[in-house]
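Labels run A, B and C following the written order; every chain starts at residue 1.
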Amino acid sequence: MNVTDRRRLLGPSNAKSANIPETRTSSPSKRSEDEIRKMFLKTGLVGNANGSAYLEVDDTIIEVSVFGPRPIKGSFIDRASFSVECKFLPHIPQPNEETFKNQSGSASNVRTGLTTVEQKLSSYIETAFLHSIILEKYPKSTIDVFVTIISADTTSSSNKSLLNLCNWVSNCTSLALVDSGIEVKDMVTSGQVSLNKSTNKILMDPDYSNNYSEDDSVDCVCSYMNMLNDVVVGFWIDGNQDDLDEQTMQKLFENCNGMSKKIRSNFNSYLRGTIE
Amino acid sequence: MILSPAERSYLYDSLIQKPPIRPDSRSGHQFRPLEAKTAFLPSSNGSARIRLMDGSECIVSVKAKVVLKSQESSLIECDIDVSGNRDDSNFVSILKFNLTNLLCQNFPMDVLQLTSKYSYKLFIDCLVISHTSYPLTLLSLATYLALKTTRLPLLVSDVDDSEVEEQPTFSDDWDKSKYLKEMVSSNSKFQPPIFITLGVVGDNLLFDPSTEEEQVLENGLILSWYNNKVITPISNINLASNSNNSNFKGMDPILISKSLALLKKYCGEIVDALDGIIEHDDATEGGIF
Amino acid sequence: MELYSPEGLRIDGRRWNELRKFECRINTHPNSSDGSSFIEQGNTKVICMVQGPMEPVLRSQSNPNQANIEISITIANFSTTERKKRLKNEKRLVELKATLERTFEQSVMCKLYPRTVIQVNIHVLAQDGGLLAGITNAITLGLIDAGIAMYDYVSSISAGLYDTTPLLDLNTLEENDMSTLTIGVIGKSEKLALLLLEDKMPLDRLESVLAIGIAGGHRIRDLMDEEVRRHGNLRLSKVNV
């Protein structure tokens, strides 16, 4: 006797399996060392936000919405308060989350609130944009930025991919702020480079997922306001560097600045395109 | 204490002088005086307490546990509890991120190895009982002292257990225990990494800014120091807890290079001073207060 | 393991009516709180910091008739031999907090400080039995140091019953194996401000356990009083110079 399986909903007998294409074997793109990966930009996707931006670079997909200036309840404040919340979609593995997760202890696996990695990202963005937004223009209000990381490259087990993510999140946030029409002193753009210690070579916008096995590098993400004397508004240097000297630092900053200028010109041409 | 706009402006004008005039008459590269006590928790492998004159206080305990190496992703775990702040707040998370990041990347993990299968895992618990300024330096200095006074029991079983199923056993005699610093290979000194916070006002860099100074700073820097060198991670930070610090602005990259030079000049003394505290600390003296 | 030997000795060598080493200090954190204390009862170590009486942050916290006492307890992860992460809203802690708040609302002259809040922060650094007793003693000293008016000392001690013998001031090992009660004695009287018994105890034995507890409480009161007077004299000597 044929026992029917009551526990499952079986498909029709003539079912065909879905045609899933084989995973794309990403060939290491032949970029030169000072070339940035190709990106896809789109602003104004989120209808109910005051400004929004969407950015895709390889496996990294980021969406940023800006809400504000919104009025606040309660006592008067003479400058707008600014807050940033970065969240990964629940199923997305976070870069280097193993290190920062408390394995022992009673805290269950359920994510409540933001994880430590998300908090760090939020904090970086908040610090980097605090100077740029003219908060004095918006008394008694708040400006809230919500960043959603839809997909991220997490193959590297160190902070390096987090640095790269920081870079793209800050660039995307910048675009969203422009889209929202909130007054800013200048657009903040970031660059991220990696310096190989043994060869002393700089790699712009390194792709950590592709056969990138350089443990011997120092990595830097740095955010600039290029029209204000290339002033640094946020930076984070990480990596296996056991002696940081002024020359290394200068080199990192110069190249980050170069990359941020390239991104800025990309953004400019995109924004010009949206107006026309 | 929150300063009024007039007080802020006065303080800012005095800090931007060359050399800066700080409210507690410190020079730019001077730390606030602190007192410390080490090895006072009998149930921890290492412990330290640091107190500043303004009442900021931090207690750090180091506990070691024997673990199977294959099951652990990291041999150091930090946890921070700040009195009056929720554990999942941004403030506590960032402190935890920084400390974990620093220690996991810059710690001689080989001293924790026991056998080919087993290893120690260090649990570093920090309790900030009260704080006025940003407590990261306080935390990291206390962690330095706690790690330096950490003692681990002597392993009496075989080091090589790749062939046999055997759990490591330890000597019951606490007098035979070894300090972490004695287990580091002799050619290097055991000096755990520390964080230094710097405040930026104009062209001036201020070590260890106090809570009043934090409210007028143009930017803040977190730098790390290990084995007499400036190391990564380094980053900038808004030290004032509210986004209401209207002075906050970007900075010239030259200043960051300048901060490296400053650290190289003064950090050696800071570490020596901490080592001095441990040497002069009399464990037999009763009571921690 | 023998908790109480036929010769009348407990595992740490004490007799049935002996206290563990009790040390206390007041005014340990003069710069960060209005009143503070540190007590060591055996290996149990507790820091207490008192802020107030002060204006409450929220209107809803203020009571027009009397002061509000708020107690927050932090038990450090490293306080026990086996490290354990504790949540702030653990049920046991919430109950402990409620018990303490009720005790001190009766013992402090709250009527004198209307529309204010007295914030008590407790940090438990190490625990080895007698947690509630330790915290209660630390709060008493902290409140005294803050200059808050109280009717009398609340001195607290735990006592247990081993077979038919009452034992005073239990450590963790003893606490885990026998029924324990914690009492808070008011000054030199035989009145209790606090009594907590979480398991069973035969009614006919209760009196003997209470009697030894009260005697122990009086001894603790004397030790605390000594410290308060020592500190008082120290301050006085500074005023005269």
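Please note the rule applied: contacts are C-beta pairs under 8 Å (C-beta built on N, C-alpha and C of every residue); 3 or more make two chains touch, one makes a residue touch a chain.
Going by UniProt, the chains are A = Exosome complex component Mtr3p; B = Ribosomal RNA-processing protein 42; C = Ribosomal RNA-processing protein 41.
This is a predicted model, so every value here is computed, not measured.
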Chain pair with the most C-beta contacts: A-B
Most centrally placed chain, judged by C-alpha centres: B
Chain whose Cα centroid lies at the greatest distance from that of subunit C: A
Distance between the centres, which are taken as Cα means, of subunit C and subunit B, whole angstrom: 33
Averaged-CA centre spacing for the pair subunit B and subunit A, given as whole angstrom: 29
Centre-of-Cα separation between subunit C and subunit A, whole angstrom: 51
Sequence positions of subunit B contacting 2 or more other chains: 79, 123
Of all residues in subunit C, the ones touching two or more other chains: 77, 83, 85
Subunit A residues counted as touching two or more neighbouring chains: 102, 104-105
Contact set on subunit C toward subunit B in their complex: 23, 25, 28-33, 38, 40, 43, 45, 47, 49, 74, 76-81, 83, 85, 88, 121, 123, 125-126
In the complex with subunit C, residue positions of subunit B that touch it: 41-44, 47, 53-57, 59, 61, 63, 65, 79, 81, 83, 87, 123, 125, 127, 129-130, 286-289
Subunit B to subunit A touching residues, read off their complex: 72-74, 77, 79, 88, 90, 93-94, 96-97, 100-101, 104-106, 123, 226-227, 229-238, 242-244, 246, 248-253, 256-257, 260-261
Sites on subunit A touched by subunit B in the complex: 77, 79, 81-83, 98-100, 102-105, 112-117, 119-120, 122-124, 126-127, 130-131, 135-136, 159, 218, 224-225, 228-246, 249-250, 253
